[in-house]
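Below: a set of structures, written as structure tokens.
Look at the two complexes coming up: chain A is in both, with chain B in one and chain C in the other.
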Partner chain A sequence: MTWTITLEIARHKPGEPRRTDTFQVSIDPDRTVLDSIEKVWAEQDRSLIFRHACHHASCGSCAMVVNGHEVLPCIKPIREVTAQGGTLVVEPLHNFPVIGDLIADMRPFFKQMQLIDLPIVGSTDPLPGQEPGDYSRFENCIECGICLSACPVVATDSGYLGPAALAAAQQRISASTNGLSRQAWEAVNGEHGLWRCHATFECSAACPSNVDPAGKIMALRRRMTVERIRRLLRLATE
Partner chain B sequence: MIGSQHAHSAIVIGGGSTGAAVAHDLALRGFSVTLVERGEIASGTTGRNHCMLHSGGRYCVKDREAGMECIEENTILRRIMPDCMELNGGLFVALNDSDLDYLPLLAEGCQSCGIPYHELTGEQAHRLEPHLSPLTRAAIWVPDGVFEPMRLCMSFLATAKANGATVSPYTQVEELLLEGRQVTGVRAWDRSADRLHDLHAEIVVNASGPWAGEIAAMAGIDVPVVPSPGVMVAMAGRFCQRVLNRCNAASDGDIVVPQRETSIIGTSSWTVDDPDYIDIPEDHVRLLLDRGSEMIPALRQASPRGIFTVARPLIGRKKQDEREFSRTFECFDHARDGVDGFVTISGGKTTTARAMAEKTVDVICRKLGLDVPCTTRETVLLSYRTYYAT
Partner chain C sequence: MPSVDSVSQGNGDPNTPSRTAGRQVGRWFSIRRRSLGMWGFVLNRVAGLGLVFYLMLHLGVLSLLTRGPESWDSFVGLVRHPAFLSLDVVLLAGIIGHGLNGLRVALIGTGILVRWQRQMLIGLGALGVVLLIVSAVLIFTA
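Let's look at the complex of A and B:
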């Protein structure tokens, strides 16, 4: 089966005004939004730049906004987001500087992730019925940036540590005694840290990888609150 | 640490695993390096690969050279990129008489290539991997593993950058600059700024994978690289911890690789002329599901999370059966074609990218009369996050 769809793609070159380019693509609706964008590049406009690598939601590089929602276009079949003759409005992630076209500048984000420094591979439980063993597996968080794009606090506070890094902090603290560096603690507990979250849970709703950053931020807050109360009680009894 | 400083310069075309490893090796050996990649890092063959750290078991029976390369590099990558892999091993699974006939051949192949292995009964295999088919009659364990291809490239390039290399994504080579029969650089189209600029270097390395033929043709050279795509289907859910290979000669749908919360069934194989955009044949997807669920019946109830295809760069000539191509690599010094300053590295696998780079940079050093040893075997790579964080 072949559908003809319209892609309205946000374009941006340094020093030029932003614009939207429109492309018609004929494509099997079972293929993905990313496939349709790659087809535009291959057959119609070689100047279009976008990020992609694994095409199965593992690398996190293709994240973008399609019809107003943050998605990984590599796992989004066209038939799930439009119909025959329909239109896809394609933009780069929100709340990031844009390098060009659909490319968000990931540098500030990766600096945050590096500050927390959660190992990307952790241990994992045996499957049901499986012999116990020392199994390892990549973390769920694929560092795609979708949670930051969906977050209303990141939109207003560019210094906010952001849901991915805060979730990584909670993961790191709860997974091992090897806690955060002093600098990371200060960032997590500072004015742009976990107390800044408005608990709208937009990050958890948008996350394509079941990380539940908002849930982890709430868990981190509980942990910090309990510790503060304990400290107060200790002070009171001394 | 940067090797002995000298004034030599190189341009690497291609930001997949081969180009990334070549840039890293060149930078360590003191070259001034610029890597150009027309898309984002790992947006071609490497990014869409099977994520498998090969033990060599898949190749040891028919292609001893590739088998030995894999186990050697497997051991090195564990050392230099320790925090970027799922290292749970792999099984070759025998389900029927034909598979059982292959089992001694595989054991012998592992033995002759130096691949650690041990044999398991069907029952033992089942305890290790409960989702395996109840028909499982025997298995062989090998040290396969799983990586994340883009982060592997980022680790090589983060380290290359720390050693002075420049990495330019979204930069497409439009032509090779030639002075007589000497390649002196590239004319590159910076696609983010939409402008052309010339880059000059003493050596240009063509590490563009299945596009190697296109790049070499810019210097009037024909390289025997055949773009040979394969389809992969990533099923939602993790159904095994170890890489599960079918214990038989390589065929479509003979492997399931667990990665994160998916199980990736691979792969098919055919050849194309243009690797830029490849349609996914629907019958390949069905075949992979059928064959994959022979090993893991529960895959029948799972749903696909991602279906993708990309061309491998196989060394050979078209008209050959692409399964018969060796999976080893080859470095072409085009001085033999009468063009100097230009080297193509192709074939191989992401698992062997470091070895491919070592061989390529050895060739380059010999050309330039340099005696700088390779140190990539011992150099532990920086975190992939450093690639963007600096």
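Let's look at the complex of A and C:
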């Protein structure tokens, strides 16, 4: 079976005004949205730029917004997001600077991860001279940035640490006796940290890896609230 | 060749956030039928803004007291009209919605009943509707 669908793709090249280009594609509806974008690139416009790698939701690099919803297009079948003769409106992730066309600049995201002691390294294996686990990252999270794109707080507070980093912080605290460094704690508990979350649960609903960032942020808040109450009680009894 | 449908704003700087301030604030009200919590978030923003507007209006109306009893009595006569009583119901909807959802947000915001946040929104929403109906009946009949 072949469907003919229309792709309205957001275009952006440095120094040029943003625009939307329209393409028609004939494709099997059981193929993925990424397949349709690749078909546009291969058959109609080689200047279209987008990012992808694994094609099976492991790398998170292809994340984008399709018909208003953040998705991993590599695992999203076309028939789930449109119908025969329908339209796919394709945009880069929201709340990120755009490098070009469908490519969001992920540097703000990785800076947030660095703030909570999760710097980028070349391998998840321990490096020579380091303790195992020192540089293991938040394993369920594929760092696609979808949670930041879905979050309404990130939209208006670019300094907000964001769902992924806060969830990773909670994971690190739960998994390790060492917890977080002082600098990381200050970021997590600071003005743009976990108290900024407005509990919309959009991040958890959008996350393709079932990380449940909102649930982890609330768990972190519970921990902080209990600690503050204990501190107050200790002060009262001294 | 592709056809160019529309042209939107942009300065081409890759380090510039892709959205204007207005569109970013618009994200607060972007219901994408994904999480029920977003409905609660939007409800609280709309009701909160409405209640702030009402408070300002209320303070303005109270200034009628400085113009003597005739001015006040004539205003009170006006607000007993059913059209004004309907606005009281709208006001109550805002207070009940904001209050009950605020309770939910306070609970889940401190890590309590997080797993039941959806059910809480539905349950408290139902309670709010019942309270509003009872209140509306009392407003129009008492």
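By our rule, the second predicted complex is superposed on the first by the 216 of 238 C-alpha atoms of A that agree within 3 Å, B and C clash if a C-alpha of one lies under 4 Å from a C-alpha of the other, contacts with A are read in each partner's own complex, and residues count from 1 in each chain.
In this section, a residue touches a chain if its C-beta (ideal position, glycine included) is under 8 Å from a C-beta of that chain, and two chains touch if they have at least 3 such contacts.
What you see is a predicted model; the values in this text were computed from it and never measured.
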{"item": "Which superposed partner A:13 touches (first chain B, second chain C, both, neither)", "value": "both"}
{"item": "Contacts of A:200 with chain B and chain C, given as first, second, both or neither", "value": "second"}
{"item": "First (chain B), second (chain C), both or neither touched by A:92", "value": "second"}
{"item": "Partner chain(s) touched by A:3 [first = chain B, second = chain C, both, neither]", "value": "neither"}
{"item": "Contacts of A:100 with chain B and chain C, given as first, second, both or neither", "value": "both"}
{"item": "Partner chain in contact with A:155 - chain B first, chain C second, else both or neither", "value": "second"}
{"item": "Chain B/chain C common contact set on chain A", "value": "13-14, 99-100"}
{"item": "Residues on chain A engaged by chain B in the complex (per definition of touch)", "value": "13-14, 28, 31-32, 38-39, 42-43, 46-47, 49-59, 61, 74-75, 99-101, 103, 106-107, 109-111, 113-114, 117, 119-121, 124, 126-131, 133, 135-140, 142, 209-210"}
{"item": "Complex contact set, residues of chain B against chain A", "value": "39-43, 46-48, 51, 83-88, 127-131, 146, 148-151, 170, 172, 191-194, 232, 234, 238-241, 258-262, 264, 276-277, 279-280, 305-308, 310, 383-389"}
{"item": "Complex contacts: residues of chain C adjacent to chain A", "value": "1-10, 12-19, 24-25, 27-28, 30, 32, 34-38, 40-41, 105, 108-112, 114-115, 117"}
{"item": "Contacting residues of chain A [partner chain C, same complex]", "value": "8, 12-23, 44-45, 68-69, 92, 94-100, 105, 150, 152, 155-156, 158, 197-202, 204-206, 214-215, 218-223, 225"}
